[in-house]
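First chain written, first letter: the chains are A, B, C and D, and each begins at residue 1.
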Amino acid sequence: DTTDKRIALSNNYAGNSWRQAMLESWEKVGSKAVSDGIVAAADAFTTSENQATEQAAQIQNMILQGYDAIVINAASPTALNGAVKEACDAGIIVVSFDGIVTEPCAWRIAVDFKEMGRQQVEYLASRLPDGGNLLEIRGLAGVFVDDEIHAGIEQGVSENASFKIVGSVHGDWAQDVSQKAVAGILPSLPEIVGVVTQGGDGYGAAQAIKAAGRDVPVIVMGNRQDEMKWWAEARDADGYETLSLSIAPGVGTLAFWVAQQIFDGAEVPKDLTVPFLKVTQDTLDETLEATPEGSVANVEYSQADAKAVISDAN
Amino acid sequence: MNGKYRILLPVLSLAFLLAAVFYLQPRAMSYFGLNLLFNLAVPIALATIAQMMIMMVNDIDLSIGTFVSFVACVTATFLHDTPVLGVAILLAAILAYAGLGALIHIRQLPAIVVTLGMSFVWGGLAVLLLPSPGGTAPVWIRSLMTVKPPLVPMAVVACVLIAGISHFLIMRSSTGTLLRAVGGNAQAVARSGWSVAKLKAGAYALAGFFGVLSGVCLVGLTTSADANIALRYTLLSIAGVILGGGEFTGGKISPVGAVIGALTLALAGSFLSFMRLSPDWQIGAQGAILILVLAVRLLFSRRNRKWKEAAQNG
Amino acid sequence: MPRLSSRTRIKGDAELQQATGAGVSAPDAPLVALTDARVHFGAVRALDGVSLTISPGECLGLIGHNGAGKSTAVNVINGGLTPTGGQVRYLLADGRDGSGLADAQACGIRSVFQELSLCPNLTVLESLRVIHRDLTGIGWRKVAQGRIAKALAEIFPGHQIEPGMTVGELTLAERQMVEIAAGFSDGRMPARLVILDEPTSSLDAAIARQLLSHINTFCAKGGAVIFISHMLGEVFDVATRIDVMKDGRIIASKPTSEFTQQGLIDAMGHVAAEKSAARAPGSAKTELGEEILKTPEGLSARKGEIVGLAGLAGHGQAEALARFYMSRSGKLGQVKQPEVAFVAGDRGRDGVMPIWSILRNLTLTHLPSLTNRGLVDRDGERRLAADWRSRIGIRTDNMDNLILSLSGGNQQKVLFARALASSAPIVVMDDPMRGVDVGTKQEAYQLIRNEAAGGRSFLWYSTETEEVCQCDRVFVFRNGRISAELTGDNINEENILAASFEMQGVGT
Amino acid sequence: MDKSFVLKLTDLPRRPWFWAFAASVLAFGATTYLTDGRGGAGLLSAALTFAAFSAIVGLGQMFVITLGPGNVDLSIPATMTLAATLALKFMHGETALVLPGLGVALLVGLGAGGFNYALIRLLRIPPIIATLSASFLYQSLAIWSNRGLRIKPPEVLADFTTGSFFGIPNMTLIGLLIAVLSWIVLERSIFGRWVSAFGQNTRAARLSGVPVEVVRAVTYISSAVLASLTGYFLASFSGGAALNMGAEYLLISIAVVVIGGSSIAGGNSNVPGIWGGALLMFLIVSMLNSYGLGAGVRLIMTGTIIIGIVAAASGKGRAV
């Protein structure tokens, strides 16, 4: 019985559409669970700046507030370990997702970011057997996800020797920053056949490449609605083909149900993996249909989904 | 504002916020609770003292946040793996700070620009050290930060120590008096035969020293580091000095006030957590509470208004 | 009050011409010897071959017009400025010769600068730490407190300054007192030569008197003083020898007894303006127009009237002026037709725009009237500045030079021109003659009288009784309030003093 | 060639803006050197476009910084985001609403600037903290109003912002126009004098009849309005407003002001230098990216170059 359990979401950043979709999914699923009497509370907390120190303080406050479980999307995989340990010591269940924490006492719902990077190159190899030059758009320097996806891309390139990364810029996962960075490096680049990305930056890259008067190469997208819309238009115009992949913001709701299941007495292993959300040429139209304008492709999880994920892992 | 009011106001704001927090969350009123409320304020207090050293000589340091991040990265890597090398790097960083102070004075450079430039440099060095979050806190600092003294929690003891030592150093000692004199009227100090370049280098070195302490303490709390871990400290530290009754020019600073200002800022965050606002407004509320706390100063300055100030403000 | 006549001996002007560089007769070995010192700032020859010596027991009065080079000479003597040519030598306590700032300090040379040089954020006792290098270690505060308290009590008996007070909260006069006391205070190396650059400019008469008598005792005990002032009476009172400077040179150097005041003024190079005939109060009154200002605390003035604010320094005169000024300015509508203009006394704090040229500093207040749709008429601006430069005699070769390259007195003239160039019917002056030389003062008085005759009203706060006595009406302040309003023949030193001190019981 | 011209040439390095432009030219040369001159035109056009955004916000920041120590507008990114979000939401992609949308953006700027000023004036909060706190409020407003959804700009507006006129990007033209206007205001108008007087000695300015509060209000409002304008154009340029769209303009706006040679001590501003600084900030990153340097090295070099330029340009101030 979990009716008296209180669950809190500790979120470190709210400044983009992905995080907003995540908060919305949480709100939807959480408030439903509360009104259904499954849990007593599902409150969301957001720090004003994307900072591990601030999030650590936030977690400490949650301990004081007496939450039974804390679901975390962490600013740093390790810098919160001190606070997470304190929470565990206070008998609190800690479940991390997307930005996971390495502290052993916490559960992790991980996305294989490295695999995400590798699959991009794999896809390009299937599309462009002759290989060619690639442009890489990275995220924010010094952040765990950026490093993981980058490592995956490197691995992909080493597996497919016909590809070569000729340029790399940091787009901070933002369309305007990527657009600027790509516009700055393009003039010095030879012809490129593909752009590997980290999500939230494909549209900006496309804009910059178009502005430079070059043919638009295969840009791997990151599930943003504007990217997919651009892709659909380009497909209708001249049969443009690509792949889009990213983690679904709704994975937060999976973490919510996992926490609930742990209270319910389910045997949950510490490490769970969720697949990332992939949009292909075939699923483009239906995904686009289901995504609100300006938002991100999303799936929300139910209690049943969570049970399935847990039993798969066991 | 004259000397008496300068310290009274921060004390009152802190007391008021503390009362509000205790009211909202009585559990905070314990050894354990106080420690959770304040332990992450210790590195902020140290960074605020560092910023205060710079503001004392009429400059401002926009790089303190990245500097503390850099120190944190060094602490979690070199200081842990090869302590001797780690200590040498940190000493060199303090020397670099001293050098900057001298350079700024001798070449008459605007400190805000030089430190802005340095913020890129420290940030770059941090990214080179730890491209991805990680590292491990040296055991001694971890145990120092988690020590449980009798009666009063470590966080409170540390803050009192920081305030006391820096007060003695800056407000009571003869060297501190000279350093403040540089902020009050550098020309007069030079006329009396002192080398202002040396004094400024000294103030900057002190800033570097407290910045190093801040980074080391931070890693002690978080157990690991990343390149972006303390970026927020730049603005927090400036706000802390001002909240503590310091001013941007004229060498008017108060170390005790600065520590209290840092604590107030940390407490404001907790206060908001305990209010359980909607996530949409959580960020805005941080701004609102800063405005509120600072607006209280008005009551005091009104009462203590002289025409000098009237002329300044019209 | 020092009376000139008691000391003045009438001598022929011819005697003044025998200018010599070195001291007339040095009783002991000189503390400082300046030989042929030259300081050039670009084209400006601030010092153009100055030689002087000063020996124990001497009080050297240094006078000269604004920009004559007095302050520069001080900076050379105290080691702060290395001359571009010539030599400075100090006689160290151990008999050696020395040079440079460190040796100057070791020799016991102390300076009180023209521009205040305390740190406003420090307390009075902490200020001493900046000057006295030996104040270190445990208990330094006690020592510093003892030294400054002793010096203050010795020089300014009856003062109200606590060593724990913050300098920024003291009045201008109190700050000046602290600086002077610090200059004379005990230290590891006792003060042997104290240089005072216009120390009395912001002190009221009574306190200035205390200082003068302290200088006399100090010199009698074997100390040496260099005393710079534009108040010739003071110089005559304390100096044993007077050096007259003009355009970077010493043009006369003789024992005080051999000078006359008129002779000095002539030597300084000004056309001696005869002390203007006293105003006939009766006739002046009739010319005055209707009352154009009245403040809540009781200040009032009529069109064309010169109203003086008197009383001891720091008794609320400056505040009353500022309050009045603030209430009548600052709105956008008052920009083109200002109701009131301001002449600052504390230049650095209230007047000067430090990174601007003389030109821009001068035109600031009047500029809105020289604009067309918000754009500045730059030729008109130049004409205005050129006009005022010649009217008020600003000593510079180019109005595009930085304002800070002017001597203190010339900066003050620029501030005068700034206010008078505007069309404001009321001009507020906060002790505007601070640091202005005698000749210029006479020109300024004339200017003010002409403007008043033209219908402008003046509110004039001055620490000089003699200036206040030139006004049509005088309000005497005590403890922030008006204690007396004097008009006509009632305006005289006795009445002003009576109203300043009444019930205060500190007759000094 | 007369003597005065020669004199002027040798005088150039003493102009505060000279070093920013010189360094920009070097960075441009170094980047195109990599491709043996190919892509020069493309790089120049990209630099001119993106520098325009930095230049416009930089001009606003410059007005504020000229007011003297402690004056800086930290709310620029949030104001950009809020203005862009509200304007794009209002226009909802409809061509007819392009101009009213601009009006909405400008109103947001007016409101934000006015609010910033009110905090500074009425509550006496130091500007750095007032604008920082206000920026949190604007950020919340932007989140609340649109929850981070990216709405597309009207087609015409998108085309205009990405288009060019006789080979010069439209954004560059707008940026230059605003720069020229700012130059006239600062160098030739009475308001410019007042801003400079305020920055040097506020008290003395007040006592000389300068309406200091009007000056301060107008300055903070201009900064916010220019930020809103930039937000409006930038969102249209990059295909929609995002919650984090202004983030990088915080440091950039300050950096271009100081690299451009404006004295941070206040009272001395420098319009041409803003464009120099803006071009440099773009070209440095392009150059370092093109040479394939990692993020760490890139940051270190950016910092070193900023310090280097300021050190080179420093010297005793000249009379103005």
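Definition applied: contacts are C-beta pairs under 8 Å (C-beta built on N, C-alpha and C of every residue); 3 or more make two chains touch, one makes a residue touch a chain.
Protein identities per chain, from UniProt: B, D = ABC transporter permease; C = Sugar ABC transporter ATP-binding protein.
Just so we're clear, the structure is a prediction, and the values are computed from it rather than from any experiment.
Shared contact partners of chain C and chain D (ABC transporter permease) comprise B.
When chain centres are set by their Cα atoms, the one at the greatest distance from chain A is C.
The chain pair with more C-beta contacts between its two chains, of A-B and B-C, is A-B. With centres taken as mean Cα positions, chain B (ABC transporter permease) sits 34 Å from chain A.
Rounded to whole angstrom, the centroid-to-centroid distance between chain A and chain C, based on C-alpha atoms, equals 72 Å. In terms of their C-alpha centroids, the spacing between chain B (ABC transporter permease) and chain C amounts to 43 Å. Averaged C-alpha coordinates give centres for chain B (ABC transporter permease) and chain D (ABC transporter permease) that are 29 Å from one another. Shared interface positions of chain C, defined as residues touching 2 or more other chains, are 322, 326, 330, 350. For chain B (ABC transporter permease), the set of residues touching two or more other chains reads 126-127, 131, 282-283, 286-287, 311, 314. Multi-chain contact residues of chain A, defined as those touching 2 or more other chains: 14, 48, 141-142. Arrangement of the chains shown, judged by which pairs touch: an irregular graph that fits none of the line, ring, star or complete shapes. Of all possible chain pairs, the ones that touch are A-B, A-D, B-C, B-D, C-D.
Per the touch definition, chain B (ABC transporter permease) reaches chain D (ABC transporter permease) in the complex via residues 58, 62, 103, 107-110, 112-114, 116-128, 131, 235, 238-239, 242, 248-249, 280-288, 290-291, 294-295, 297-298, 301, 311-314. Of all the residues in chain D (ABC transporter permease), the ones that touch chain C in their complex are 184, 188-191, 193, 196-197, 200-201, 203-214, 263, 267-268, 317, 319-320.
Of all the residues in chain C, the ones that touch chain B (ABC transporter permease) in their complex are 79-80, 101-102, 105, 111, 113, 117-122, 126-127, 129-131, 133, 135-137, 140-141, 166-169, 319, 322-323, 326, 330, 350. Across the interface of their complex, chain A is touched by residues 31-32, 34-35, 38-40, 42-43, 46-47, 49-50, 136, 139, 143, 146-152, 162, 234, 237-240, 242-245, 247-248, 282-283, 285-286, 289-290, 292, 295-296, 299 of chain D (ABC transporter permease).
Here chain C touches chain D (ABC transporter permease) in the complex through residues 322, 325-326, 329-332, 334-335, 338, 341-342, 344, 349-357, 360, 364-365, 367-368, 371, 374-376, 378, 400-402, 418, 422, going by the rule given at the top.
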